[in-house]
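Chain nomenclature is as follows: A, B, C and D, assigned in order of appearance, with residue numbering initiated at 1 for each chain independently.
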Amino acid sequence: MEVRIQREPFDLGAEANAFSERQSGIGAVVIFSGIVRDLPGGELEAMEIEHYPGMTERSVAKIAEEALNRWSLGDVLIIHRYGALKPDEMIMMVATSASHRAEAFQSADFLMDFLKSRAPFWKKEIGGPRTGWVEAKREDEDALDRW
Amino acid sequence: MDVLYFAWMRERIGISREKVETGAVTVRQLVEELSCREPRYAAAFADMDSIRVAIDQELADFDAPLAGVREVAFFPPMTGG
Amino acid sequence: MEVRIQREPFDLGAEANAFSERQSGIGAVVIFSGIVRDLPGGELEAMEIEHYPGMTERSVAKIAEEALNRWSLGDVLIIHRYGALKPDEMIMMVATSASHRAEAFQSADFLMDFLKSRAPFWKKEIGGPRTGWVEAKREDEDALDRW
Amino acid sequence: MDVLYFAWMRERIGISREKVETGAVTVRQLVEELSCREPRYAAAFADMDSIRVAIDQELADFDAPLAGVREVAFFPPMTGG
């Protein structure tokens, strides 16, 4: 299990390859990556991501451990950035590995739902008419009930 | 104890962290105490449904006791991922 | 939409980065990769993958189009190898992109279920006591009913 | 018409493709005809539940008509992915 909370960009491809290569005896890898979407009209200057140093690392590690407990996984990797990101930059990624595809899919889906609503990150859109904090969606909170 | 504010809580109150001496027994009592200080606090804490609290870096609820607590943080619902 | 049926290895990381970079205005990428699992005791010499040239390309393209019809996706990429593969080699990958994570996850999951049971590939394990054709699993066929 | 065999169907019958002249109206009739040829065909087609058929590269069922068909393929359930 590996958790990285960082300001710096990461290389999705390099991480995907390194993660896959260090697995052995597993048949399935699922990778999710979240990307800064521009606003309609290309008005987004930056997506500012604030977080709670200390709590972030603890809560993300706890979410990863919960996934390892629920499914029979080879490994879990979570990288999440903070700071000011431009449109099309990668915000975060998760990777899970398992013997069978269902476990790899479900655990990655689970990780995303919990990272969305239970890890202390807050997004602020800078630029455009909607400048301001991104509001949490009711459906994201509801998604937790699936698990 | 340390009280931390994030996102629009931090912006409305104008600081990200402060030391607070309090006799409040629960988070809710602390919120009431802070709200009485100044209008910016009252404004920040006005809509409790859109505020979350963490005690010593664990999510908690407003009835949680504060005895022995070192750090309380207030923030809006999280938007990670 | 891109479908590649090939004998040659592919570079998961390079494909993941190229796929992500050619998206714009999307927020979520999901990538699945399937890897040759060794048999217990390290007895697998090779996984031989046979396919039906012509029908393979058609049926995989059809599955990809079905995903594009069902969900609001940015793009779909499917790469599937055939021939003799060694343990830990990558067999295949799918990538999907969408504005929202649920669509990216569901469509990748859907693609995998249909590639598993509706694309004309057959796996044969060479080496070890179980040498022979991999049997289709009842649960893989049942998984299609989810969609 | 061309008849193709894959995976263990191909191995049991011993060839991957052959030209077949047939008056069979449906796939099922073609299977019966082939099964009568030689024991290796009979063995390959013995368990119909574990055989799938494609007509002109589209999955079909055993009652599908063969009129105008150029290519019929028999194979076990697929194991892709």
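Basically, contacts are C-beta pairs under 8 Å (C-beta built on N, C-alpha and C of every residue); 3 or more make two chains touch, one makes a residue touch a chain.
No experiment lies behind these values; they were computed from the predicted model shown.
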Where subunit B and subunit C are represented by their mean Cα positions, the distance between them in whole Å: 48
Separation of subunit B from subunit D, taking each centre as the mean of its C-alpha atoms, in whole Å: 71
Intercentroid distance (Cα basis), subunit C paired with subunit A, Å: 23
Multi-partner residues of subunit B (each touching 2 or more other chains): 81
Shared-contact residues (touching 2 or more other chains) in subunit C: 34, 101, 112, 116
Topology of the chain contact graph, where touching chains are joined (line, ring, star, complete, other): line
All chain pairs that touch each other: A-B, A-C, C-D
Complex contact set, residues of subunit A against subunit B: 34, 50, 52, 54-55, 58-59, 80, 91-92, 112, 115-124, 132-136, 141
Subunit A contact footprint on subunit B (complex, rising order): 4, 6-8, 10, 54, 57-59, 73, 75-81
Subunit C-facing residues of subunit A, complex: 11-17, 20, 23-38, 88, 90, 99, 101-102, 104-105, 108-109, 112, 116, 143
